[in-house]
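Presented below are the structures under discussion, each in the form of structure tokens.
Here subunit A shows up in two complexes: once beside subunit B, once beside subunit C.
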Partner chain A sequence: MRLRSLIALALHNLADNELRSWLLGLCAFAIAAFAVTTVLVVHGAQESLHLAADRLGADVVVVPRGAATQVDGALLMGTVSKTWLPSSDVARIAAVPGVAVASPQVYLESLSHASCCAVSRMFIVAYDPRTDFTVGPWLHQSLGGALGLEQAVGGCRVTVPVNHNIMLYGYTMWLRGKLEPTGTNLDQTLFVTLPTAYAMAHSSRTTAVRPLVIPRDSVSSVMVKVRPGQAPARIARSIADAVPGVTAIVSPQMFAAYRSQISGLLRILLLVLGLLLVLAAAVTAALFAMAANERRRELGVLRALGASCGAVLVALLGEALTLALVGGLAGALVAAVGVGLFHTLLISALGFPFLFPAFGRLAGEVVLGLALALVVVGAAAALPALRVSRQEPADAMRQ
Partner chain B sequence: MRIVGVVVVAMALVIGVVPQFTHCKAVSASSGSTMSMGSSTTMSDSSTATGGATTMGAGTAATQPTPMRCYWTARAAIGVALPLAAAGVLLFFSRRKETCRALAILVCVLGVVTVLLPTVLIGTCQPSSTVCNTTMRPILLATGGLTILIGLITLVRNELTAEEHTAAMQAAS
Partner chain C sequence: MICLRGIAKSYEMGRDWPIAALRSIDLDIERGEFVVITGRSGAGKTTLLNIIAGLARPTAGSVKVDGVDLWSLSDRQRSLLRNRTMGFVFQFPSLLASLSVAQNVALPASLASDVDGGGRERAYELLEMVGLADRRFSHPRQLSAGQQQRVVIARALVNRPELLLADEPSSDLDEETEAEIMTLFGRIHSETGVTIVLVTHAKQLVAYGTRHIAMADGEVAD
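Showing the complex of A and B:
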């Protein structure tokens, strides 16, 4: 029996029983959609945390004791931390043996819906240009020089175009460039030098709806780069011993609260996906067993006319796989488009950031979801199809 | 065609109603904010980019509320939803192939306009975290895309049934 006839037979049978076809397609749709959503969110979140840690570029991050989660939240979600370190700690951290550079940062926020701020509640990172190694190297490479007074760079999602002025607290700065995306709040963050931040605070007394207050001799965190060959974990312990009242976090352990939140979500999603797979497989197997029983005579006639066991099996599996392909593809595409469209809404609902992948990786994840739907539906349909296809034609027609 | 008609009317309802509650001004009004998110602020420095809409450079640094883009997108969505709902009702009752074809094309065109409203024709506010960007825009894009898809499927199915009908008539004669 030729392949074309088998395909025609499969399509004819699918059109004949619309309800069964819709149910099987729906099973494949649900499997692919859920699998793609899970992979997109969880993988995107892990990627996002990885890129955010890379963007900071520090081996060790020193924050006030007990403020690790607040600083994580500030960097990832833009919720500004209100805890401060005395700026004298920067010199003490730099003096710890094994520390190559210690660079302070101050975290600020623009006012909410105030006429003096062009962007509402914008997260601002002020860094020390003399010691900075997070934004500085990128500035030298991309813009050919450091930031001066009244200058800023932004994350890729800062709404003001490059080479335009941006006004915060009534203080106007020139946006010189934008950084690569990370999927975190760093994408909507403005990076300025400490002198610019102090100038903005000074100016805000007369130009802003509410003045910007930066506590004297205080910093939000200290980024530490260790000397080559030194173990960051050992240096972090040394810093914690040498400087009281601080927590030193090694870069891979940054964002620990978010990592555990993502792991928790992953466990729940995998559990639901597992249940969904079992349920979809059971529904598919039951529907196919019913359909195969209904068509026992018809398939017996087909065998009597010369169709081999294999041909009947291929025709039956062809039906299942066609439905799985159509339903799975629709599910995977709907999930990808849905997650892409509602990306920002999902971030605020989940409470952690995730990066939507580039086209190449997205296509790979869609194919993965589709493959899962094909495997589950195909495997569930194989058993009843095998049983019916092996039946003797005479027996089948007699029943 | 009856099912398609009902689905198109449902799409029209989503396109017409949801944006009215998810543009920045509506949300800030319901939350009781003193300074509306849906209002841009005129600024004294014409070269300074605002985070919101395009009202810049005119006169004083006072706050003068002006409806932002998302407000007008929401208003324009009503203008798309009404003919779409009418097309849905007509699809529900129509039996002639030619009428169905014309209505399917109209549904497609209105779907395209729905997609273009928040992207090209009017747009939404600039800050990506505003409610019009997180909710209204994706809903309009999704329903617009779905409307285009429904229109295309209706058109193709209509053409296929028309061909079958012609073939049957020829066979009968």
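Showing the complex of A and C:
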């Protein structure tokens, strides 16, 4: 039997039954679109947090007590923390047994729409070049040396090109390089040394619309690297015991509030996806059963003309899978393009960052959504298709 | 060519309530015969035709076509045998609405592993034969009932079958068109020598055949 003929016939049928074809295609569209959006957002968010934690490169992050969420927010979303640690805590933390390095960071931001700032409201991380182990290794590897005064590196979404000057608070710096994307606010962050930050603050008194104020002897957080063989969780407890007024967070527990928010969203999205799958499967099965029933006589004629039971089954499933392929592909692509286009808007709406994937992984996620649509529509169509194709041709024709 | 032995067919109408459509029929049809089977509605004519074609499984008995027991074959083999050796003309409109006239005629050829080109040319030849060559790109709904039935006959012949089975082919047609269709069957029979089994309730059509079988209550009456 020529399957190609039966598939061609199936395509004719699809064109002739526009409403049914649209509805079945729509089911596949909805499944693929929702699945791809869910995977893009949730996986992207998890990836983002993972990369952000990696970027910080610390085993333990020490922040002012009660400010963990604020510091997470500063790093991930650019909402600058207003709580500070006394800089004397850095030495006390470094003195805790098991701590290899303790490096302070100061979180700042540029002004919004001010003539003295080339970029509006940019997050700035100032680090101590003598102790830093977060940006420093990357600088040595990629740029062959540390940052000097009036120099900066930026996240991948900093709009100023590499090797160009960038002015903040009327203070001009040379942008030496850009870091890999994380999907978080770190991608729009400028990394400078503490001396550069203090120089900028000093200069801003005369050059900026509003001066940059860095509280004296204060830092925003302390990044801690533990000695080899030491358990970060135990060191974090030791730091909390030794230094009053701080919270020490081990790296995997960073961004805990965001992780919990993402888990909550994932549960809701999976529940909605599950309901959508059940609904789409039910609609597909009902539409397909109706269509197969309407076409019983036609299928009986096909059997009489020499199409085997298996060939008719393949033709019917081919019809369903063609619709699932077209609808599913459209849904998956629309979701991917939509999430890509409205990435920033979605981050604001959801309240947590997520990384839009590179092409390879995006293609994989589109294929995953498409496969889900094919499986659900195919499975829902299989039962009515099997029932009709197995019917005795004479019975099928006797309507 | 066709050998039926002890054929019975019953349908379950509700629980434990079988209706006997055919009762122990023995029938031989030789190659080249034009058999007209007549009988009133419910006599079992269509059921018998379906059993000859392997479209319905008998409750008892055996069906052999050219010595091959139809029900010893797999569904695939039986479908292939139907496609290669049998042509069908049904009582109801059986053209596929989504296909053009020419595509409908070529359908059995395209279902076979035959090449597309041969099937299409043969379809054009047959449409010429039934006088509808100029309507080959039309769709079935654009044809009259008589024209549709002529297309169905062309479709039945596209794979050069050895057996042509027709179930009340003229029941929905006016007298004049019925005569045209029956004349066409006569012409096909005399020109190709194909074996024809035609089922009808109209006794006046018996004259077109070479043999008449009357049926009543699921049995061959004479």
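Quick notes
Assume the second predicted complex is superposed on the first by the 399 of 399 C-alpha atoms of A that agree within 3 Å, B and C clash if a C-alpha of one lies under 4 Å from a C-alpha of the other, contacts with A are read in each partner's own complex, and residues count from 1 in each chain.
Quick note on the criterion: a contact is a pair of C-beta atoms (placed from the backbone, for glycine too) under 8 Å apart; a residue touches a chain by one contact, two chains touch by 3 or more.
Just so you know, these numbers come straight off a predicted model, no measurement behind them.
Clash-free side-by-side placement of subunit B and subunit C is the outcome of superposition onto subunit A. Judged by the touch definition given at the top, the superposed model places A:His113 against subunit B, while subunit C stays out of reach.
Legend: residue contacts after superposition of the two complexes on their common chain; A:Gly154 is shown touching neither subunit B nor subunit C. Once chain A of one complex is fitted onto chain A of the other, the partner contacts of A:Gly136 are absent, as it touches neither subunit B nor subunit C. When both complexes are overlaid on chain A, the residue A:Asn165 reaches subunit B alone and has no touch with subunit C.
Of the two partner chains, neither subunit B nor subunit C is touched by A:Pro384.
In the superposed model, A:Asp395 lies in contact with subunit C only, and not with subunit B.
In the superposition on chain A, A:Leu9 makes contact with subunit C only, while subunit B stays out of contact range.
Fitting both structures onto chain A leaves subunit B and subunit C with a minimum C-alpha separation of 7 Å. Considering their complex, residues 1-2, 4-6, 9, 12-13, 15-16, 297-298, 300-311, 392-395, 397 of subunit A touch subunit C. By the touch criterion given at the top, residues 33, 35-37, 41, 43, 45, 47-51, 61-63, 126-129, 133-135, 138, 141-142, 145 of subunit B touch subunit A in their complex.
Residues 113-115, 117-120, 122, 157, 159-161, 164-167, 172, 188, 337-338, 341-342, 344-345, 348 of subunit A are the ones touching subunit B in the complex. Contact residues of subunit C toward subunit A in the complex are 47, 50, 53, 55-57, 75-76, 79-80, 82-84, 88, 90, 92, 94, 96-99, 107-108, 110-113, 155, 159.
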